[in-house]
Structures are given as C-alpha cells and as structure tokens.
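Below are two complexes that have subunit A in common, paired first with subunit B and then with subunit C.
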Partner chain A sequence: MAFSKEAYRELEDIVGERHISNDPAFLDSYAFQWLAELVRPNFSHYMPRPVAVIMPACTEEVQRIIKLCNKYRVKAKPISTGWYHWAAPLKEDEETLQIDLRRMNRILEIDERNRYAVVEPYVICAQLQAEVMKLGLNINIIGAGASTSIVASACAYAGMGPSSFWMGNNSDNLLGMEWVTPEGEIIRTGSLGSGNGWFCGEGPGPSVRGICRGWVGSRGGLGVYTKCAIKLAHWPGPTEYQVKGTLPGYRLPIQENFRVYTLAAPTWDAWADIYYKIYDNEIGYIFHRQYALAGADLGPALWLTYIDPEKTLNDVEEAVKRKDIQDLTEELRISFQFIMAGRSIREIELQDKILDQILKETGGWKVQRYCEKDMAEFTNTYMQRLGHKHMNFVWVGGYLGSWMQTGTPDWVKGYVPVAIKGLYRDAAGGNLVQCGGDALMGNGSSIAGGGNMGLEQFVSYDPADNASVAAGTQHMRDAIVDAVANGFPPGKEAMYLQVGESDEQIWNALRRTPQPLAFHFQRKIKEAFDPNNVGDRMYATLPSEGKP
Partner chain B sequence: MALEDYRADALRCTRCAYCKWIPFDLIKSWRFSKGCPSVEYNHFHSYSAGGRLVTALSLMDGRSTVTEAVKESVFKCQMCGNCDVTCKMCRYDMWPIEALHELRFRLVDQGHGLAQHQPVMKGFRSLSNMLNKPKSKRGDWAEGLDLKRLSKHKSKLLFHAGCQYSHDPDLREAVRNAAELLKKAGVDFAILGADESCCGGRAYHMGYKADYQAAAERNLKIWADAGVETVVTPCADCYHTFKRLYPESGSSVAVIHMVELIDRLLKQGKISFTKALPMRVTYHDPCYLGRQGEPYVAWKGKEKKIFGQAVVYDPPRPRYNGAKGVYQPPRDVLMAIPGLELVEMERNREAAWCCGAGGGVREAYPEYSMWTASERLEEAKSVGADALASACPWCEKNFADAATRNGTKIKIVDIIELVYQAL
Partner chain C sequence: MDNKKEQLADIVGSRFVSDDPAVLDTYARDNSFVLPLKPWFVAQPGSVDEVQKLVAWANHSSTPLIPVSSGPPHFHGDTVPSAPGAVIVELSRMNRVLRIDRRNRMTWIEPGVTYGRLQPELVKEGLRLTTPLMPRPNKSVIASLLERQPTLIARYHYSFTEPLRSCGVVWGTGEMMYTGEAGSGPLSLEAQWSMGARHSDPKGPGATDYVRLLTGAQGSMGIVTWASVRCELIPAMRKLFFVPATTPESLIDFMHRLLRVRLGDEVILVNNTQLAYMLAHQADKVAALTKSLPPWLLIIGIGGRALFPEERVDEQQQDLVELAQTYGVRLASGIHGATTNEVYDLLLAPSREPYWKLSYKGACEQIFFLSTLDKSREFIDTVYHTARIHNYPESEIGVYIQPQHQGVAHHCEFNLPYDPRDFNEVSNIKQLFSKASEALVSGGAYFSRPYGIWADMMYSRDAQSTSALRKVKRIFDPNNVMNPGKLCF
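This part shows the complex of A and B:
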C-alpha cells in the first residue's frame, strides 16, 4: 500500500490540518540538509523528499501516526531540531513520513532533590540548562551545542560534549525514556516501566538502553522517543547566565570559584600525559580541544578577530600577518580549553595547585593571551553553554568531520600526525579551507572521569562550489585510506559516506567489521520490533544470509 | 541585489536553527527563549529564515512552485530581523533578512502578492498612507500647536510624524507631546502637515519595492527642495526607512529618532525633569530602532575567497548584526525620569521579541499578529511591570489592541508621553 490521499486524510485527522503538509516547498525544507551535497548525486543539497511532514503534539498522537505508517507501509522518520542529514529520509525508493517533533517542547519536571529533568523532544539544551541553573544544577550539553534536543542526544544519537568528562555522556545520563516502538507500542523504560518514576534507566523495569541506544544510537531508525529523563549535575556557578559585552563575543564573567584556561603542551606525548594526569587527579569541569576547529594555522587570528565586534572575517587575513599572532599561533599548536569549578574557594585553589604541578611535570603551560580577561570570559561563555557551535561552519558554511575515532589519549595521539598530514595534502589544491593540517577538535573525555576521547578533523568546504564539495568528498575517501594504511579503523567520514551508499555497499562494510555478528543481532531486534520495516536504515543491520 | 544573489546563502545554510531562538547566551528561561514568532506560531521549518532560504532555493531550482502554502510561509513573518542577528552570531557570509526581502520582492513581481495587502497598497498609492485615511487629515494632529510648515518655511530640521501617529487618534497625544517638547527645548523645526506622506518602509517590507522606491523619491525631492538636512521621527519604522533604506535611494539626509533627540536634549540640559513618575516600566525595543536600527554604511562589492575557500567581501561588507542598534538612549531617558524604575524583560536589545505588527502581518494575519503581541505582554507582566513603554506607534498600537483583547492589565505607553509627563 502506498502513501495515498486516504493516508494523508487519516493523518490529518490525528493532528489537524494546520499540522500536516505535503506542499513540495515545505517538504524540501526537510529534505535540505547540510552534508547532503557530499554524498548525494550531482551535489544535490537535498536528501530524499518525505511524502509529508506531520507535527504531533503528544505521545498518543505519535503512536497513532506510527500505527498508520504500519498500515500504509510508509517509513517514519522522527526529527527533533534536525541538525544532521540523517534526520531526513534516507531512502529514495521508499516513501517516508517526516515526523517533526517540535510541538512536543515541554520541560515536564525538574526534580531538584533527585537531580533529574524530564523533557520532550523539542526541549533544547540551552533551555533546560537555563532552568536547572536556577537550582544550582547543570546538564551535559553535547558538542553540537545549545541548540540541540536533549532527547535526541540522550536517546537517539551520540551524546558527548565538553562537559562529559565531569557529567557523563548523555547515553549514560539517560534515566528512562518513553518509546513509541516502530509497531506503535508505548514502552516506558527503566524504573518508569515499573511505575517507580524516572530515577533509574535500567530498572526495576525494562532496560533497553543497549537495544535503542548503545554508543551511536538508532538515529531515527527504531521508533520515536517521546520523553526522557536526564541526569543533572551540580553547578557551582551563577543561577542566571548573565553575559556582558557586545555580540558576537559575549562574555560570561568568571566567578571566584572558577578558572578558565587554555593549556598547551610541547609535544603530543606531553599532551596525552596531561590528559591522563587530569583524569587521575579528578580536577576540571569542562575539558575540550575547542578552538582548534578553526585550524592550527589560522585559529588565533580567527578567534581574536571574532571577539572584537568591530571586525569581520576580512580582518583575519591581516591578523595572520601580525608577529604577535604568529607567535601565539606557534604557542597554541598543541592546546586545549580547560575550565575548573570549585565548590569552594579552597577547592579551586587546590585544583589550581594540582594543575600547576601537572604542567610542571609535563612541560605544559597556560597560554597567557587566551587566559587574559577578554578571551577567558569569552571562553567561559562559549564552553559553558556552547551557544556558538555554529562556528564550526564559520569559514564558508560547509564543514565535515573526518577521523574522530575514539579511544584513549595514547591511542588517539597515534593518528594525529596522519590526520594532520592528510589535511595539509588535501587542502593544498585550494578547494578546501587552508587553515592548517591540525583542525582536530574533541572533548577531553566522552565518558565521565576520563579514559575515552577522540579528535575530529574539521574540514571546511564551500557547499555552494561543486569543486570544493568534490574536494570534501575526496578528502573523506582519502582519510579512510590513510586510516587503514596506518592501522586505524575508518572514522566519522565512513558514517557520512554511508548515507550516499546502497544497502549492498553498507552491508559489505559491516561484514568487514571485527564483529559482524552485532549487526545480525541488531537485525533480530529490528525484526522483532519493526516487522513492517517502518524505521529507516540508520539502525544498522546485516541481512540473514543463513546466519541465526 | 536579486534573489539569485542569495543562492549561495541558501546553499550555505546549515539548518542549525539558530534563527529560531534568541542568542543562546542570552537565554534565561524556557518560556522566553524563542526568537522567531513566525516559526513559533506556525511550526513548519518553512516558517523560519532557514526554511525560507530553502523555499527560495527550491523555487529557483524549479523543484516547487508558488502555492498558497508557500505564499503564506513567505509573508507570515514580521521581518523582525531576529533571525539575522542569530544567524550572524557565527557567520559572516549569511544575509538572511536581505534574502527574505528579495524572496518577497520576487513573489510580488510575479503577481503573488497577498490579497490581504491589496487594500493597504491601494491606499498607499492613492492616499499616501498605510491606513487608508484621507490625505487631507494627515496634518490634523498638529492643530493648535502653531508649528512651522515646510511648505511655507525652509527648515534644516524636519519632524516627520509618520502614518500611524498622524492618523490614529489614540496615538495623537504622543506626537503632539513630541512637538511641544521640541518647542520647549528651543529646537527649530518644521513639519509637512497634510503634505507629509508615507515613508514607504512598510510597503518595502510587504514586498512592494517599486512602490517604496516611488515614495522615497517623492519624499527626497520634497526634502531637498526645502533644504532639509536632518529628519527626526518618533516612529521606528520611518526611522529605519530613512536611516537604512533611503541612502540606497540617494539620500544624504541625517536621520534621528525622537528618543535619541530627547536623550541629547536631556544630556545637554535643554530639557529636564521636574516631576516624579513612580512606576515600574519595562522597555520594548522596536525591531526597526533596535537590532535593525543600525546606521547605513555604503557598500558595493563582491564575494572573494581567502585561504582557499573562506568567504569574505571585497571591500569588507558592513556587518549589520544588531550590535549597533539604538538601545541605550531610550533606557537612559527612562532611567533619568525621577521615581521611574526601569526593569528589563528577558529578551531585550538585539534579542527583543517582536511586537507582531511588522512586515504586513498586522494587516494580513491579525490572529498571528495579536498572538505575537500577547507573548510580549506576558513577558512584560513576568517582570512585574506596571507599564510597557516603546518608541514606535506600530508596536504600541499592536500591544494596546492585544491588551484590550486579552484583558491584560498593563499600561501601554509611548516613551514620549512619559517624558512629557515628567517635564
């Protein structure tokens, strides 16, 4: 059965005519996604167009919609804020209904005593952070920043950010969710599932974290998460985010019990040592190699230009010629941002002493210019709320992430020189932004307490220039070759490229992974929960091929 | 520029959704975090700046056509400019509000203007105002004030009242107060009275560029003939039109908003307050005085690439990101009034929520317009304000209508009235 007028009418009955559309231009606004041009035929900026877009207001409406998708054999693709190409339909040849969850936008509960908040999919990180800060609490904002949905990062995809070192990954912070399965059942997970509230994600009650979530997440391929509870962390800062200054370089004053540093190391070995020592000594609150995203050759020129409201990108060209900026650029080559928060003045002083000792032992240093008031307050603003994450695209509106294989610092430092060399080589032709081979950004740790991290190579290309887009795609292929040749698994670029690949190509890649059995296992989950194949293919499976 | 000139903007839009919110660093609560009235009320992505860029692209590429839904999505937006501020927070190569204007111009040129706008545009063309009021009545607000007329006297300073102040009896007091205040301060100025005509700004925002252009040329000629060097206006819409749009049409006349002039007069000691106004007041930044009220900077240039692919402009292009709007003068004026306590709403200055009246929305989509105003009234109430003051008659009218409709007990006042009462 195909998507018919009748199907549309039935859907309209659920949400009312104001909340469903099949106008081609409206549908294009959902098909249009950044990154699409890298993997779609003819550099198209569009993913496949959905047959309609629908906006439910509550779980029951989502359930009825999913049941209709089963009835009419139409794929269902949920979208929260939609900042990724896999929030769009992925299959050209299968009709997909886009379920835009933006009407489900409430913070349902903040339990201060038990430190969790219950939210709907269109609550964004900035909103929840602002509310919980009033209570002396905080949330882990993922690296994509303030604009993203908490439900999306907790239940559906990834979940790590600069604060994960202290607050954990959102996959861990997930304390239960309400899940409309691909068949339209409503499952409440963890302690919620046994009527005991939202305090624990694993029970008493059904635990499905591994099925729905795992490390990467089901990415809209296994039903819709309509609510979740997220764990809150302590926040020893102000109850209101009171920034000063002029946009875009707003500044958050640094409280007495906070320290905001940019730290640098003489070598990548020393850099890794600093990371381990930070883990071991349990200091720090926000830990991220952030400013590197602009590239090691241009970063300081860009950031010091950015915080000056009088300047524009043109000024970067002059800034890079300045001797002080050139010196700073050298000083910052192997650096990262580090914010410490003390629950008391004595505690922050202790953390300071420990940090000084770590730097002494490793040969590291505090980068003075970035620790001065203007830049430090800007760093404080940037890192605590992550409200400037669109800076990923500052050079020209297109960025792709390559590498980003996660592991221990000692392992990650191994691919750093390969990644640096690869980007210098691929940008040499001028079709990618030439900001330096090291545009490696990444959090200090993507799990609480340290131990697992990654660096993502920020490759900027112009989406409005096909030659530049082609260079971006070529870079992704090159990065895979570089990785494999140097004994590393393919990184993030492989995930991007998959979006443009056929099922057979994806299966071939999955078969070559160390444990293909995992994808057979996921097939069985899919068969059990999604017999009508309503979810899209981002929930990765391998066909049975006689396997159990 | 033409719509095609914004094609690259559309292709470089990342769908980040920043344009739907106020700058994230300024968010203080869930309730008042939203920045784009259009997408908040209508929900589909197409009702945001990013969504409209895709609509423009899709139309240019022939992937879709202008349907009623498309028309509505293009015109059901106040052109408030919040999206422009938030997009530019991290981008130097995006010009969303300019692209939205070009999309409207294109639709209007192709005969897809809104039916609801036609009576207003007819009035604009024949009566030279946006309210369908008799032309002859335009100068009535000044009756009995004995003001100099530009038709009879040359004057370097013109006081331009604007359509709304001239024709709306509810707003008359404010504009009369403004004129009296200027006289008291010894400012030499003239008015055009019945000869004054619409600035054309609202026609521009509705998509009628040629009509705007005709109005601009007419006004500029009158001003030039009379030797006008500076125009002062109490209307934020007129201010923006004169300050930002007229220079493109050849104007070199200086433009100042009445509230800026009051601020100057206070600071120069030419007026001073003698009475206390013990009230708690919150100030609403009109979009066209605040984030869109930045001074015009002439620019003609083109895109160029540096460092391989990074986009800059040759010569450097003015930023217009809302940083240099008129924010402080109205606040300084209010704070100078004895007894008056100024309280800020959460969304203020560049992050102010729109009053709902702009972009032809008041005329075409009254329900949506009232909803937008009501949202602001809720915000004003949330800070315990007795009164909501503004510096634009369109804002005030919309707020007053919404307050009456909802039974909201908050005074809507013009900043000029407060000043006048305290003199």
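This part shows the complex of A and C:
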C-alpha cells in the first residue's frame, strides 16, 4: 500500500500539523547525511528521501505512529541526534517515514542516591553531564561526542567512549528501557516492566533486552527506544566546569586530585605492556588515543596551533617545518591520553606513583610538551567533555573510519602496522589527506573495566571532490582486503559500505561470516517482532533458504 | 522406555545412562517446595557433540531435558522436572578448565567445573573469581553465572552478566553457536585462540545479545557447553573492616557513598543471625554466636593488587576511616564472636560441608530479590511482619544484602532455617514463604530470578515482556524440550 494522503492525515492527527511535514526541502535535510557520498550513486550527498518526517512528543504517539506504519506498510526509521548515513532511509524503493525524536528531550529523573538518570531520546550527553556533575556524578560519553543521544548509544548502537575503561560501555550502563517494537507494542525491560522502577534491566528470567541490544544495537531497524535509565559514575571533580581559554582552545583547569597526561611508548609491544599494567593496577579515569585522529605526521602541528589563540589553521603548514614540532611528532608516534582522578589526594598520589613505576618497567614516558599546562588543560576539556567532534572533519570537511576491530591489546597491536601501511599506500595517490598512515584513534576500553579495545583509522577525504570520495571508498575496500589477508575480520568500513550494497551483496557477506546462524536467528526474531517488515535492514538478517 | 534408554546409551554410552530409582529420586525433589516429579533417566554427556545429539534426540522424541551441572543439594526447583518423562542432562563429566590466560585475566571452563575445582587452578596463576557468598564447593561456576547469582565485589560487577563473557551453546533447536566475541570466529576455540581471540566481550554477535537470553533461563533455552570468564588478581595484601549498627538504615548513606567511590572489594551487609549461620559449624553454637554479634554488620574488605599493594591498602584504609567519620559510623577492625580471619575465610572460600545453609536445622527456605538499597528496610519489615504472623521467630531470620551492578541494585536475601522432619514446621514455613513472597512482590520487590511460585507472580505483572519471552523461546526451543514448565514456558 503506497503512502497516501490518507496515511499522512492519520499521522497528522497523532502529532498535529506542526509536527509532520512532507515538504521536500525538509525531507532533504534528513536525506543529507555524513558518508552518503561514499556509497550513493554519482557521489550523491543524499540518502533516499523519506516520504515524510514526523516528530512525536511521547511514547504513546510513537506507538500510534508505528501502528500506522504497520497499517500502511511504510518503513519506520527513527532518528534522534543522528550520526552515520544509516540514520536515514536506506532504499529508494522503500517508502520510509522518518521519525524524528527531537521533541522527546527531557531528563525525566536523576536519582542521585541510586546513581541513575532516566532520559528521553533527544537528551544529549552534554546536557545530562552538566546536570549530573552538579551532584558529583558523571556519564560515559561515547566516542561520537557530547552532542549524541544517550538513549541511542545505550540502546541502539555501540556505546563505548574514552571513559568506558572506568565508567563502562553504555550497554553495561543500560538499566531499564522502554521499547516500542516494530509491531507497536510497548515493552519495558527488567524491573521497569514489573512496575518496580528503573534500576535493573535484566529479567525476570532471561533478559528481553538481549533481543535487540547486542554488540551494536539495531540501529533504527527494530522499533523505537523511547526512554532509558543509565547508570551514573562518580565524578570527583568540580560541580561546574570553570572553563577558561579562547575559542576553540578551551581549557579546563586541572584539580588537585586529577592528573592529565599524554603517555608514549617506544614500540607497540611496549604500548601493550603499559596497557596490561594499567589494567592490572586499576588506575585511570579516562583512557583514550585521541590526538592521532589528525594523523601522526601532522597531528602535533595541528594541535599546538589549535590551542594557540594567536594562530589559525593556516599556520599549521609553517608549524610542521619547525624542528621542535618535528621532534615532538616522532616522540608522539605511539602515544595516548590518560587522565587519572583520585577519590582523595592520597589516592591520586598513589596512582601517580604506580604510573611512574609502570613507565619505568616498560620504557614508556610522559610526553612533556603535551603535559604542560596549556595542552594538559586543553586535553582535560577535550577528554572530559568530548565537545570537539568537529575536529574529525578538520582537514578537508570529510572523514571516514576504517578498522576498529575490537579485541585484546595484544591482538589490536597486530593490526596496527597493517592499518598504517594501508593508509600510507592509499593516501599516496594524492586523493586522500596525507597526514600520516597512523590516524588510529580509539578508546582504552570498549567494555567496562578494560581488557578489550579497538583503534579506528581516521581517513580524511574531501566530500566535495569526487576523486577524493572515490579514493575514500576504495580505501575501505582495500582495508577489508588487508584485514582478511592478515587474518583479521573486516572492520568498521564494512558496515559503512553495506549501506550502499544490495540485499544480495549483504547476504553473501553474512553467509561468509564464521557463524551465519546468528543472522538466521535474527531473521526469526525479526519475523516474530516485525511481521510486517516495518523496520529496515539495519537489524541484519539472512533469508531462510529453505530452513524452517 | 527401554527403547529410549538404548537410544540414550547410543549417544552417551551405557555407563552414563541411569534409570536406577535411587538415582532418579535424587532429582525428583530438592530443598524447595516445588512439586516432586521423578525423571525417567539421567544421562551424562561427555562432549559438545554428545550434548548436541541429546538435544536433537529430545526434539525428535519429544522428551523434556533438564540440564544440571551443579552437585546437590539444589534449592530452587529449577532442576526438578515439571513435565513427565524427562531426562536429566547431568553435565559433571564436562569438567575441564580449558585454559587460563593470566595476561588477559580470562579463563575458559566447561559446565561441570565447580568453584571448589576452579579456584585452586586460578590461584596457580595469581588469579581468582569473584564468587557468590560461600557457594557450595560442587556448585557449577557456569550455572551460577548463568543464573545471575550475586557476587561479592560490587565494583567488579560492571553489569548483571559479570564476569561471564562468551559462551558455547547448544540451543533447544539442536544448533550450536558461540556467543559474544566468540560469535565472530569459527566454531573452534583452538582456532580462535590461535588467532589471538580471548573472548572478553560478552555482547553479540551482531545486534542480539545472545548470552542475555541464556541468563536467568533455568536451562530453558539451551545447554551451555563452555564459557569464558573474567578473573581478578589475587590481592597481595588485604584487610577486613566491620561497621556494627543497631539498624540497617543507619548504614545506608555510608554504603551509598562507599559504593559510589568504589572503595573496597567485598562490601556486604548482614544481620547477626546471618553471620552466625555462616560462622557456626555446629547448630548449638548459633544462638550464642548470634547474641555475641552486633545486630547488623557491614563487612568491608580492601585489597592491594599488583604494584605497591601495601600502600594501596593503606590509602584505602585512611580514606575509609575518614569516610566513616564523615558519616558518623564506627569502623572496627574486629568483632566480638569471630576473628577477622574467620570472617575472611568465609568470604574467600566455598562453603564447608555440609552446606552452611543446612547446618542449623537441616533445611533452609530462601527468599531473594533485587531492590535499591534505600528500600531494603521496608522489605526487611515485610518479612519480619509476615514471620510474626506465622509464629516464626524473627531472631532466626538471616538477612543478607549484597550490592550489585556497582551499587545501583542490591540483592536482598532472607534465610529461614527449618526442620524438614517436623511436619508442622514444614507446613508453616511453606505458608510463610508464600505469604512473604506475595507481600514482597506487592511492595515492589523485584524477583529477577523467578523460581517456583515467583514465576507466576512476576510474569503476571508484565504481560508484554512475557509475550516477548515466549516468542524468543519459540525461536530457540520451538518444541519446548528444554526444561519445560519453568518461568513462563
């Protein structure tokens, strides 16, 4: 059944005429998505246009909208803060209603004693962090930054960030959640469903959240998450940011019970040794390899220019030529950012002593220039808040991520040289930014407590230059070949590319995975919870192929 | 039946199939009040292949399978068949510690590996598991983790599945898969190890968290054939502290703070009766011991691991002292009635034999659920009130509160010993158990692990989740051969 005027009117009845639109100008603003040009025909910046966009204000409205999508056989694609091209409709021939959740933007509850907050989908990390910090609490902000939806990262996507080492992945932190299934049923998980509050997301018996919140969530492909409770962590810092400095190089003064370091290692083996010793000694509050995103060859010149209020980015080229910057560039080859927070002064002093001993035993060091006040305070702002997401796009306006397979540090260090060599090779053609083969950024841990992490290769390309876009796409294909040839599974780039592939191509890829059974089970789950196929293929499935 | 016995023998070998009435009787009932029902056979598979064949056979012959991996005594009715003609799948032969990886602090174990068996193996590598409180030595580690039994160190309890990570599972369909990080590799642990995979991420594969569909399932989804489990370093130095109190509510603010700043390893709250049950080797010592102990006791263990362990302990001790002063609670390094070492031994080792919960009167009914800490007093009052109505002495109720999920949730447990030979006492405790459970559920207690009568109480409160779980069950066990009659299946 085609999306009709009647369907539009029924949707309008739910939210009112102000909150629904089929104006092409509006619709194209939803189709215009980061990464689209890498996978769309003719390098288009646009994903398929939705048939309409609707903005519900509450769970009940979402439920009624989803039921209408079932009635009219229209795909339902929720978006909150968005990130990645898969937030948009995926196929030209699939009529898709974009459900924009921006009106559901309330922090519903902060329970300080029991350490959780209940939020709607358009509450962003920065918003909640500012509120909970007033109470001496904090949240894990995911790598995609402070402007992202907490509900999205906890329920629907990956959930890892620089603070996951100490605070946990947002999957770990997810408590009760409210889920409008693709059929329009409202499921409340764990203690919430039994009317006992938000504090537990498990059971009774097996946990319903297991249906849809795996390594990644369903990415908008299996209903809409309308609320969730998130576990909060202790924040031993000030109740308000006393930010200083000049835009964009904001600085957060470092409290007496904090330490902000950039650490470096002589080899990747030594880097892994440092990691394991940090892991065993349970020190650190934020653990992240951030500054490499600008590329190992140009990064130091960029960052020191960036924080200098008298410089602009036009000065980077000159900075690169300076001897001190060149020396620093070499010193920072294998480095990462590490922030420690003590519950007391004596505890931070002990953490410091332990870290010094670790560096002594492994041959690592503190990178002095990055530990000086200006850069350390900048690092403190950047890492605590993750508010500089624009820096991903700094070189020429576009970037993509490749690699990012997660595993133990020993395993990750195995793909680092392959990733570095591959980017040098692909950038040598001149159509990708040549900032150094190592633009590998990543969290100290992708799960709570550490021991599992990944590094993502940040590849900068010019989205306005078709040759550069084509080089970006080719790099992703190359990265898959490189990974497989060296015994690693495909990385994040495979997820990007699949958005532009046909169903058959995706199925073939899923069939080649070591355990395709997982995607057969996901088909059965989809059939059970989405009989009218209202969700899109972001919840990946394999066709039955004669199997029951 | 004879035909079935032969078929089972073909799968696991005739030595490992039993229909001895005495053996079957041990599985027909447990220490709970669920209705007794004798299984037809006990089969003991020795390999994943045999498990897979058993499940395929069960689907073909419509035979209920009841997975059991721990030794007796059992307490919750989950291993007692609810359907006639059942086969107990007894997994104690699959008892290998497959690997211990010190650097990544992971171990891989089969379902028959018990706490009594695993901890000494881990000690050789300087590792240990965070355990439940005084588990039976013959308690299967995997069964304990799958059933989300509370563990003692809340700050390591990053989520409710901790420290369970990846699993190998034979679903009720008979299909085998690996979950979590192991789901991204081939169906061979050796092959995955050789590729460097260490299975520390529990999620997935893909957009489904398969392990979460296995947890709390009482064996109703499939049979787990191995699991990877995260370990902790053994502290090189440790100290134990006690905070005595006359009421539990006077400790709540202090506990909230302690858990929030993640100070301490073991953090548990018990009443004097509970600690007496834990300490007393002989029943006649319990009363005197209870009297000598403070009414309520918060037990806090601190440890120093890896580098500078003494300084780590010292730093924590000083912070703990300051925190206690701030909250006006008394911190003691010892208590009347027990030495510090005696208490530490309880926390670090499996239970003595016979199992400590049975040593006072021979049987013990347990009521446990999850709550936030600030509501625990209400629930304690509910249980005491119901006990008074049933003339059960309040002084014999052991209360144990265990912070979970880094202190966001709390396991509240009530232990009510009784004499199983005294018909009147049994009848009374049965009524008390039922009435107290109803009152607790009405009052907001969350029975996240709904055994026996709790299942109906919980699932009747949440129709949507119940419906969703039934859909899941039809996918992973379409013929309902896995422990039918439990939960909402």
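The rule is short, and it goes like this: the second predicted complex is superposed on the first by the 543 of 548 C-alpha atoms of A that agree within 3 Å, B and C clash if a C-alpha of one lies under 4 Å from a C-alpha of the other, contacts with A are read in each partner's own complex, and residues count from 1 in each chain.
Going forward, contacts are C-beta pairs under 8 Å (C-beta built on N, C-alpha and C of every residue); 3 or more make two chains touch, one makes a residue touch a chain.
Keep in mind that this is a model prediction, so the values were computed, not measured.
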{"item": "Clash or fit (per the criteria above) of subunit B with subunit C on subunit A", "value": "fit"}
{"item": "Which of subunit B and subunit C A:T329 touches, first, second, both or neither", "value": "neither"}
{"item": "First, second, both or neither for A:T473, with subunit B first and subunit C second", "value": "neither"}
{"item": "Touched partner set for A:S21, first subunit B, second subunit C, both or neither", "value": "first"}
{"item": "First, second, both or neither for A:D100, with subunit B first and subunit C second", "value": "first"}
{"item": "First, second, both or neither for A:T262, with subunit B first and subunit C second", "value": "neither"}
{"item": "Partner chain(s) touched by A:R385 [first = subunit B, second = subunit C, both, neither]", "value": "first"}
{"item": "Overlay on chain A, subunit C to subunit B nearest C-alpha distance, Å", "value": "23"}
{"item": "Subunit A residues contacted in one complex by subunit B, in the other by subunit C", "value": "none"}
{"item": "In the complex with subunit C, residue positions of subunit A that touch it", "value": "113-116, 168, 171-172, 175, 181, 185-191, 193-197, 199-219, 221-222, 231, 234, 236, 276-277, 279-282, 343-344, 346-347, 350, 353-354, 357-358, 406-408, 410-411, 414, 446-449, 451-452, 487, 489, 513-515, 517-519, 521-522, 524-525, 528-529, 538-540, 548"}
{"item": "Parts of subunit C lying in touch with subunit A, wherever the complex brings them together", "value": "103-106, 148, 156, 158-161, 175, 177-178, 181, 183-187, 195-198, 200-218, 220-221, 230, 233, 256, 260-263, 305-308, 311-312, 315-316, 318-319, 322, 370-374, 405-409, 444-450, 455, 458-459, 461-462, 464-465, 467-469, 471-472, 474-476, 478, 487-488"}
{"item": "Residues of subunit A touching subunit B in the complex", "value": "18-19, 21, 23-26, 28-30, 32-34, 37, 45-46, 53, 55, 81-83, 100, 102-103, 107, 123-124, 126-128, 130-131, 145-147, 240-241, 243, 246-248, 250, 252, 298, 309, 312-317, 381, 385-391, 393-398, 427, 430-435, 460-465, 468"}
{"item": "Complex contact set, residues of subunit B against subunit A", "value": "7-8, 11-18, 21, 23-30, 33, 43-46, 50-51, 54-55, 57-59, 63-65, 67, 69-70, 73, 85, 88-94, 305-313, 316-317, 319, 321-323, 350"}
